Structure formats: structure tokens, C-alpha cells
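Below: a set of structures, written as C-alpha cells.
Each of the two complexes below includes chain A, the first together with chain B, the second together with chain C.
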Partner chain A sequence: MTQLLLFNVTNGLIIGAFYVLMAIGLSLILNLSNVINFAHGGFLVVGGYLAFALQPYLGFWGALIAAPFLTAIIGWAIERVLIRRLYGRDPLYSLLLTFGLAFIFEDGTRYIWGAQGKPVGIPEALARPLSNSLFFITGYRLFMVGVVAVTVTLLFLLLRYTRSGVRIRAGTLDLETVAALGINVRALRSLNFAVGIFLAGLSGVLAGGQLGLEPTMGASVLMPSFIAIIVGGVGSLAGTLVGGLLIGVASGITAVFLPAASEAIMYVLMALVLMLRPRGLFGEEGLLT
Partner chain B sequence: MGHSKPSLPTVGRRTVLKAAAAAGVAQFAAPFVRSARAADAIKIGMVDPFTGVYAAVAQNELIGAKLAVEQINAKGGVLGRPIELLVEDSANDVGTGVQKTRKLIDRDGIQFLVGDVNSAIAQAIAQVANEKRVLHIVSGGHTDPITGKDCHWNVYRVCNTTKMEANAVAELLFKKYGKRWHFITPDYAFGHTLQEAAAADLKKFGGTITGNELTPLGTTDFSAYLIKARAANPDVILVLPQGSDMINCMKQIVQFGIDKQVHVAGLQQELESLGSHAPEARVGIWMFEWYWRQPGVPHVEQFVAEIRKRSGGKVPTARTWFGYTSVMSYALVANRAKTLDGLKLARALSDFELPAEVKLQPNKCYYRKGDHQLMTSSFVGRAVAKGKSGDAEDLFEVDAVVPGDKTAPPDTETGCKLTWPT
Partner chain C sequence: MTAAAQVEGMGSESTRRFAAMAAIWIALALAPYWMPYVGGYTALGTRVLVLGLAAMSVNFLLGFTGVLSFGHAAWFGLGAYGCGLLLKFVAHSTPLALLAGTVLGGVLGGLLGALIVRRRGVYFAMVTIAFGQVFYYIAFQWSSLTGGDDGLRPFYRAPLHFGFVTVDILQNSTAFYYFVLACFAAAVGLMGFLLRSPFGRTMVAIRENERRARFLGIPVELHIWIAFTLSCFFAAYAGALYALVNNFADPRGLHYSQSGDFVMMAVLGGMRNFWGPLLGAIVFVVLQDYISSITINWQIFIGLLFVLVVLFFPRGLLGYLQQRRRA
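This part shows the complex of A and B:
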């Protein structure tokens, strides 16, 4: 029993790491642009399928690097053409827009690549469990956690030590002052949006290696990402990080005792946090509107 | 300045919450599919989940149904009139399916209904068709009650019942691969009846169930369930989820190396799913409800060739055959009974045997009178990693073709009591 529990906690952390990658991109965009990006799952799907399309030419490693960048470029273009127009309006406008985009992405991938799922191959060396007893820790899953850890660390370093990063953080706190200081807020938001979408694209490639690619796969990971943000607290990237890991572990532990509730537990956790600490674990008080 | 609220609108916690709630709803919204219509044509309707997790199999049913319509119209139609297929998307949602069915019957005036892949929707729309006295062939919903305790005089079914699927595979599994079974079961009507049927067979043979993991529809990560299944130390792990759930589950089983230690099997496997598996994940013992490579069986090769022309070169799957057979059955029986009346057609379809050019299988294939279930064969065999004999879509090695009479329980045991209107 203890072993089973330990297995599932570890397993939950692995799954949680994946939610973190999704949720942090979502959170970045939400914090600076006030856009609830419903199309985030759609961008994940685009990233995954781009990797699938590029794999024959670039191999797995090439696709792993190229696909997120391409997704980010698509995201950047969409921000410039569509989303930018809705800044300054009620957030519900951009929500509706991204909601529509999510459908376009889903049906677009279905149109191009078909409704039937596509397999994404991963390097032979990663496709094996590391040990016989810890069979659920495969090379690939460990690699995934590694990629998430490196990416998130890099992102936090960028936000702390680069000029653009500091501006993004400042803009999250008080965009008006940042604008008043002569910083190009439009360009800053474009950059920030592209970074967020890059993370969605990367999640897509990573997910493609572990799951089958399917046009509808975005929707199933979008919800946990939202929950991660709400549990962690809107406005806090660190909160999103903790929130993602927390729901991963919670659903892992629940799977031992009551498998049917392993998904519901995320919502229970969210309800609890909202009742006891409505702003989320690390959320800012000021955003309680 | 620092303490004043920014004047730009901000996203608050409540907005995010509302958005999250809407995300749940979003999964049910969907576009719809439609086809052109002719004036004096006999309208038949198809309701299937063209969006959502079953989109790929539903699409194949449609390809099959369209070929049938084409062939029927080329041979003079039904009672001298052309038939026209109206297609609606149930979006894998019961409410939507019912609404679309009502629309097809009330507004479009269809004479015959085909669908749905999803068992729960199939059951619900069968109820509607019954109310409206329209002949309905369930093409792809497998849950038992459709031709069991919830059977209706106007409802027939082409695909197997879950009981038939379980019976086709269970004995072989037990004898050859072991008596301790662990189930991974999708948590809805289809999964439950499939699991119960297999569990009943196992009990009869004297085996043990080491556990049953109920996985919600749309599960992407099966690791928690697989950890439990593996810890229970079974001889066989039975993978019952379908579509993308099955693909994710199999991929994880293979990545975890579980297939090297435990036999992996399932009851229902489909070419759509197997084709989407990574080659290394194509393992295990399964049953197909129809298979496209049947050397020596008449008309199969022509059918495959006709479908290839209409599907961008892809071979027909069991689903393609379901769609084809459902529509063909309607035309055959209407032309034979010389009527469009739902009740008369339903009577005429009892014990109706499919001709060789429609059944496309070696065994006798007929709609059983007692429960309206098509007695169709099961193709039992093993998944193949890479296509055989140079064909990338030949992914299954058929070991036995078991006739429907052998896999179906007697109609007195299905719980079906047909009450005919007077």
C-alpha cells in the first residue's frame, strides 16, 4: 500500500509537471494581457501536429525545437492581427475570440490531418522504463520533467534578469505606469503572448510523444491548467507552478483509493481553495474583483 | 500612483472561474453536417458523432453509408425512387443527438434512421424513433440493452453486442493466456456492459478478477490505473477503452514495458485505433467486428476497391461496413416488402438474411427475430506491428472467424421482449 501510494505521488508529480508547463503559458498571457486564452489547448494541438509533420525531416529532436518556435510565430501573428484589437475592452471579448479560435484549431487540424489520431515516435532510448520495479518512470517521462524544469527555470531567470522580463513583471503589476515610463507596451504584450504560446507548443510536442495526437486533445488538458491557475492564485506564476504540481499529486493519490474520483478531486481542491482562501494560494489581493 | 487601481479592465478571479465553467460547456457545442436534397427522393437520416472522440469511426460509417446510397440509386433506388442521405452530427452528446433525430424525423420527414456510434446516444435516439414509428438500425452502439431489455420493435442492430464480443475472445484468452484478469474499463454504458460480459465468462470458466479500473471517458493519462493493475499481478490485462483513450492506454502500457510481463488483450479493436497506434504499441489479442482482408470470400475485394476510391485510398474498416450494411439492409427489405411503412418494414426485417454482396463474410449473417440483433461474425486474432505483405493497413492477423450464432447468447437470455403495435 505504501509503495502504491509512493508510486502514485511520484506519478502525480510527473503529470503535474506537464500541467505546469501548460498553465504557466496561460498564466503569463492572463497576467499581462488580461486575456483568458481559451485557444491555449488549440495551440498545444498545433504544436503537436507541427512536430508530427516536421519529424520526418528533422527527427524528434529537431521537431522538439522547431515546432514550439513555429507555434509561437503563429501565436504572435494571431496576437498582432486579432487579439491586439481587443485590449482595453472587457476581457469577455477576447475570451469569446479565443473560444472561437479553439474551435478553428480543432477543426483545422481535423481538416488537414484527419480525425483519426496520429502516432508520434520518440527516440528508442527514451521509450523504456528505467527500472523494472519503477516501471512507470520511463526515460521519456523523466525527460519531460527535465524539459519542464529547465524551461520554467529559464523563464523565471528571464523574468528576473532581462530588461524585457522585468518589464513584463512590472506590466503585470501596473501596466499604466509602465506605459507612462515610455515602454512600448504593445510590443511587450506581443512578446509575452508569443512566449506563452511557445510554452503551449512545447507542451504539445511533449504530449505527442506520450499520448497519441488527436484534434480534441487540447480540451482535456485545458481544464486542469485553469484549475492550476485558480488554485495557485491569479497573477502569480509561482502560484501556478505550485497549483499544477498540487493537482497532479492530488489526483495521483486519489487514484489509489477512489480511481473514479481522480479527476473530480481537482475540482474539489479548487472549491476548497476558493472557500478558504478565495484569492488562491499565492494570488494577489488586489485582483479580487 | 502605485496604489491606485489601473484603469484598464483586469481579469479577476471570478472571470477566470466563469471561463473555466464555460470550458466545460464548450465540449458540447459543435458544428453540423448537411447534404443536398432532391425533390421526390426517399429521405433517410444518419446521426453520428462527427466531432469529438469518435469522429474518425463516425466518418467511416458515413463513407460506407454513402457508397450504399450510390449503389442503391444506380440500381433504381427504393421502389423506383432515389434515396437521399441526410447527415447530422450528434457531437457525442445525448441531448444533441436526440434533438437532431427529432429534427430529422419531424422537419425533414426521414423514413429510416441510422446511428449512433455512442451507445448512450444510440439508446436515446432509438427511443425517439420508436415514439415516431420509424425503422432504426443502430450501426455502431454496442451496449447490450439496445437489443436486450430496452429493445424496441422498430430497432435493429448491425454491430455486435458487448456480450458477443466478450464471448468471442474470452474462452481463447482463458485457455491460452491465463486465468487472472485485470480490467481497464471506460466508465460509461458500453464499458460497463463489456466488462460485465467478460467477467461473467471468466467466472463461468473458474478464473479470478484481480481488479477493475474504471477510467473516465477522455482520460489521457492511464499511469495511475496501470500502476494499480500491474501491482495486482494478473496474467492478462484487458484494455477496454476505445478510440483515443485506447491509444493513450496502449502507448503507456508499451512505454512502461507492461506488455513484456503480462499478456495484453482486449475485446473490441478497430482498424481506426490500431492505425493510430505507434507500431510498437500494436500488440495484444483482440477481436475485429469485420476485417477487410478475407481471401476467397466473395465480393469483399470489390467492396474494398470501391471504398478505396472514395476514401483517399484507405481500406474499409468494420465501421465502414456497418454504415454500408445498415443502409443496404433498408433498401433490400423495402424493395422486397414493397413498402415504406415502418411497421411493415420492421416485420419484414425479422430473420432477414443478408446476401453475399452485403454480408461480406464467410458465415451466415441474419437479423435474429427474437431480439433484432444481426448475427454477424467475430474476427479474432492478434495485432501486427507493421503491415503484412507490404500493405500498411494490414495490421491484424485473423486466427478465427466465429459466426454470430456461436457468440450471441440465445435470444431468450437477452432480456428482450418485443411488443409490437397493433
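This part shows the complex of A and C:
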């Protein structure tokens, strides 16, 4: 029993780490641009399939690096052409636009690569289970967590110590003042959007290695990412980090006792947080409420 | 403009409104007769009415209170399941089934609404999306009751008894159209009455300037909660009708992509206009019907429609026409 519980907690943390990677990208975009990026799952799919297409030429490691960058470039272009026009308008419009983009990405990948699942091959060394006696976790899953940990740490360092990072954080709190100080807010938002999409693309490659690729895979991780943000508190990246891990572990533990409810538990958690602490665990009062 | 001319102008304005109203209702009442000539069929008309009502329920909140709920499919779908479950397990009665669906969706919507009315803007939208999905998972997982992914079946709409006469609405699609039209008219009439009432004016005041409304002593949260709950009841009622249309309820009716379709219908038709969502539903359903009959990748085109409407017709068709007339 203890072993089973421990296994599921570990598993939950791994899934949670994956949610974190998605949710932090969403959160970055939401905080600075006030856009709920419904197409975030779509960008994940694009990232995964790009890796699949690039792998024969670049190998797994090359694809792991190149695919997220390409996805970020696509995201950057879409921000420049479409989403930028909607800043300052009712958030309804960016929501609908990205909702439409999600349809286009999902069906577009289905059109190009087919509805059948596609594998992203992973290096032999990562595919082996770590230990057969204790419990079954492949090296790849641990590798995923490692990539997430490194990426998130890097992101937090960039936000803390680089000029653009500080501007992004300042813009989250008060964009008008940042603009008044002569900073190019348009470029800042584009950069921020591209960074968020980079994370989605990276999630896509990682998920592809674990579960294989399907055009619909983006939609299924979108909701947990939303919940991670709401639980952690809108406006706080650290909150999103905690929120993602928390719902991952909660659904891991629930899977032991009541497998059918492992998805529902996230929503219960969200309802509880909204009742007891409406701004979310780390959210700042007055921001976006 | 002189005062007399102004009065005259207002007179023609209200005449025009009356004419438009009459035209809409006559067109709806005669739909089974003119639709075959433009390539439609009665069942399509019934579906448009029901989905249009759902879009109007979303717009009751979005267009007139300015609150964006992106999770209305949940209440719509709960209405469908409430209706279907009653018909399947409890009683073979269409009015009771409608009532059961409406109450199920409306009450649950009102309860959850109480949790979230303090949220605004994108945050409100996000929370409604996420909560909406709860019911999708429940319908999906609880397959012993709901049939899971396969949907809830079999159940059939029961004939209507009016004491001296019984109307078969199962086989006779024209009779069923008129039944749905009557249900639609009742709901739309109530909606219009609510919007013209002091309560409806207050909703618009909140939309236009929430802070000012608050300073005037209007309990904003309470009003938003009431508007949200009413809108959930309307959506659930539409959902219950939808279960009758299909003799079927499935989890996809609860999914957030369905919510997106409703919001799209409202925006496409014109969300500042009472009849906009119905027009949006007509265009959306007919387009979807047509595109999905010629290509399996119809989702790409629906996605493109979303993008194009947002970029070029943000006020919707009716808003665009009004703008052009003024110009």
C-alpha cells in the first residue's frame, strides 16, 4: 500500500511537472497580455509534430531543441499578425480568436499527419526503467522532470536578472507605467508571447516522447493548466508552479483510492480554493479580478 | 432637428422595430413551408431554434451584463441529461422532462455561480470554462447512469396531451417544430420582458459602468449572480429541448468547445442586439451543416470563421448593418 501510494505520488509529481510547463507559458501570456491563450494546447501539438518531422534529420536531442524554437517563431508570427490587434479590446475577442486557432491547429495537424497516433522515438538510455524491483518508472519520466526543473529555473532566473525579464514582471503589475517609462511594450509582449509558446512547444516534444502524438492531445492538458493557474493564483508564476504540482499529486493520490475521480479531484480542489481563498493560493488581490 | 421631427423620427423608429419583430415571428411561424425552397428541412429549423435559444441565453449575460461565461455548455448539457434521464427512468412526459432538465441545469448553475460572481473579465471566463468541464467528466465517467461516451439512450419524446386532443411530436416533424417554436417563444418573451424591466436596465448599467453602478448603491454582485442564474436556467431549458430534438444526450454537449460555439453564435450575429444570437445560430448551423457535408476537415473552416469574425466583424452581422446605416 505504501509503495503504491509512493508510486502514485511520484507519478503525480511527474504529471504535475508537465502541467507546470504548460501552465507557466499560459500564465506568462495571461499576466502580461490579458489573453487566455486557448490555442496553447494547439501549440503543444505543433511542437510535438515538428519534433516528429525533424527527428529523422536531427535526432531526438536536436529535435528537442529545434522544435520548441520553431514553435516559438510560429507563435511570435501569430502574435504579430493576429493577436496584437486585439490588445485593448474586450478579452472576449482574443479568447474567441485563439479558440478558432486551436481548431485550425488540431485539424491542420490531422490533415497533414493523419489522425493516427505518431511516436516520437526516445534514446535507448532513457527508455529503460530505473529499477524493476522498487517501482516502475522509466528514465524518460525522470528526464522530463529534469527538463522541466531546468527550464523553469532558467525562466525564473531570466525574469529576475535580465532587463527584459524585469520589464515583463513590471508589466504584469502595471503596464501603463512601464509604457510611460519609454519601454517598447509591443516588443515586450511579442517576446513574452514567444517565450510562452516556446514552453508549449517543449511540452509537446516531451509529451510526444512519453505518450506519442495525437492531434487531440493539446485539448486534454489545457484544462489542468487552467486549473493550475486558478489554484495557484492569477498573476503569480510561483503560484502556477505550486498549483500545477499540487493538482498533479492530488490526482495521483486519488487514482489509488478512486480512479474514476482522479480527474474530478482537480475541480474539487479548485472549488475549495475559490471558496476559501478566492484569489488563489499565491494570487495578489485586485489583479485581474 | 426640431422637436416635431424628432418625435416623427422616433415614431418611424418604433414602427420599424414593430415591423422587424413581426417579420421575424412570421418567418419563424412559416418556416416549415418556405424552408424546403431554400434547401433547408424542418429538422434543421428545429435545431437552429434550439441552438439559437442557447446562444441567446449566453448573450443575456454577455451582451446585456457584459459578463463573459465561456462554460454555458455545462448548463445546456445538464438540461439535456436532466430531460433524458427523466424520460428514460422516471416518467414518459415531455413537459415534466423539460422541467427536470431546466431545474437541474439552472440550480447547479446558480450554486456554482455564487462561487464565482466576484471574479471579472478573463478570470471569470477561465473559471467558468474550468467548472463547465466538471460536468463533462462526470457525464463521461459515470457511464452506468449516463451511458458515458456513447451518450444517453434510448429515450423518446412523449406525445403531448391537451385533455381532448393528443399531438404526436415524435413522428410528425412539423408538429414538433411548432412545439419547439412555442417553447422558444415563451422563453424569448420572458427574456425580453426581463430585459425591459428595471432589473434588465440595471444589468445594462452594470455593463456600461460597473463602478458607477456600485456608487449608485446597486448591489452589483447580487445582480450579476441573478443574471448568471437566469441565464443558466435559459441555457438548461434550451439543452432540455435539444435532448428532445435528438432523442439523445451526449457528453460533447457539455464540452467547452460547445460553449465556444454558443459565444461565437452570439458574436457572429451581434451581441448587442437581442436577436443577434439567433441570426448567428442560423448562419453558424447552416455553415457547419454545409461545410461538414463537403469536407472532413471542416473544423479548419470553423476555426477560420472564428478568426475572420473577430478580425473583421467584431460587432457581428447586425452590428455591422447598423453601423452602415448610420454612416
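Criterion: the second predicted complex is superposed on the first by the 286 of 289 C-alpha atoms of A that agree within 3 Å, B and C clash if a C-alpha of one lies under 4 Å from a C-alpha of the other, contacts with A are read in each partner's own complex, and residues count from 1 in each chain.
Just so it is clear, a contact is a pair of C-beta atoms (placed from the backbone, for glycine too) under 8 Å apart; a residue touches a chain by one contact, two chains touch by 3 or more.
This one's a predicted model, so the numbers in the text were calculated from it and none came from an experiment.
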item	value
When chain B and chain C are modelled together on chain A, clash or fit	clash
Chain B versus chain C as contact partner of A:271, first or second or both or neither	second
Partner contacting more residues of chain A (chain B vs chain C)	B
Partner chain(s) touched by A:99 [first = chain B, second = chain C, both, neither]	both
Touching partner for A:128 - first (chain B), second (chain C), both, neither	first
First (chain B), second (chain C), both or neither touched by A:30	both
Touching partner for A:110 - first (chain B), second (chain C), both, neither	both
First, second, both or neither for A:165, with chain B first and chain C second	neither
Touched partner set for A:234, first chain B, second chain C, both or neither	both
Touched partner set for A:208, first chain B, second chain C, both or neither	neither
Chain B versus chain C as contact partner of A:82, first or second or both or neither	second
Intersection of chain A interface sets (partners chain B, chain C)	30, 34-36, 38, 89-92, 95, 99, 102-103, 106-107, 110, 223, 226-227, 229-230, 234, 260, 263, 274, 278, 288-289
Contact footprint of chain C on chain A as seen in their complex	30, 34-36, 38, 82, 85-86, 89-93, 95-97, 99-104, 106-108, 110-111, 223, 226-227, 229-230, 234, 260-261, 263-264, 267, 270-271, 274-275, 278, 288-289
Chain C residues within the chain A interface of the complex	62, 68, 70, 115-116, 118-123, 125-127, 129-131, 133-134, 137-138, 141-142, 256, 260, 263-264, 267, 297-300, 302-307, 309-311, 314
Interface residues, chain B side, partner chain A - complex	1-2, 5-17, 19-20, 22-24, 26-27, 29, 31, 51-53, 55-56, 59, 187, 213-216, 218-221, 223-228, 230-231, 244, 247-248, 251-252, 254-258, 272-273, 275-281
Residue numbers on chain A that touch chain B, as the complex places them	3-4, 7-8, 11-12, 14-15, 30, 34-36, 38, 87-92, 95, 99, 102-103, 106-107, 110, 114-121, 127-129, 132, 135-136, 138, 140-141, 174-177, 207, 210-212, 214-217, 219-223, 226-227, 229-230, 234, 251-252, 255-256, 259-260, 262-263, 274, 278-280, 283, 286-289
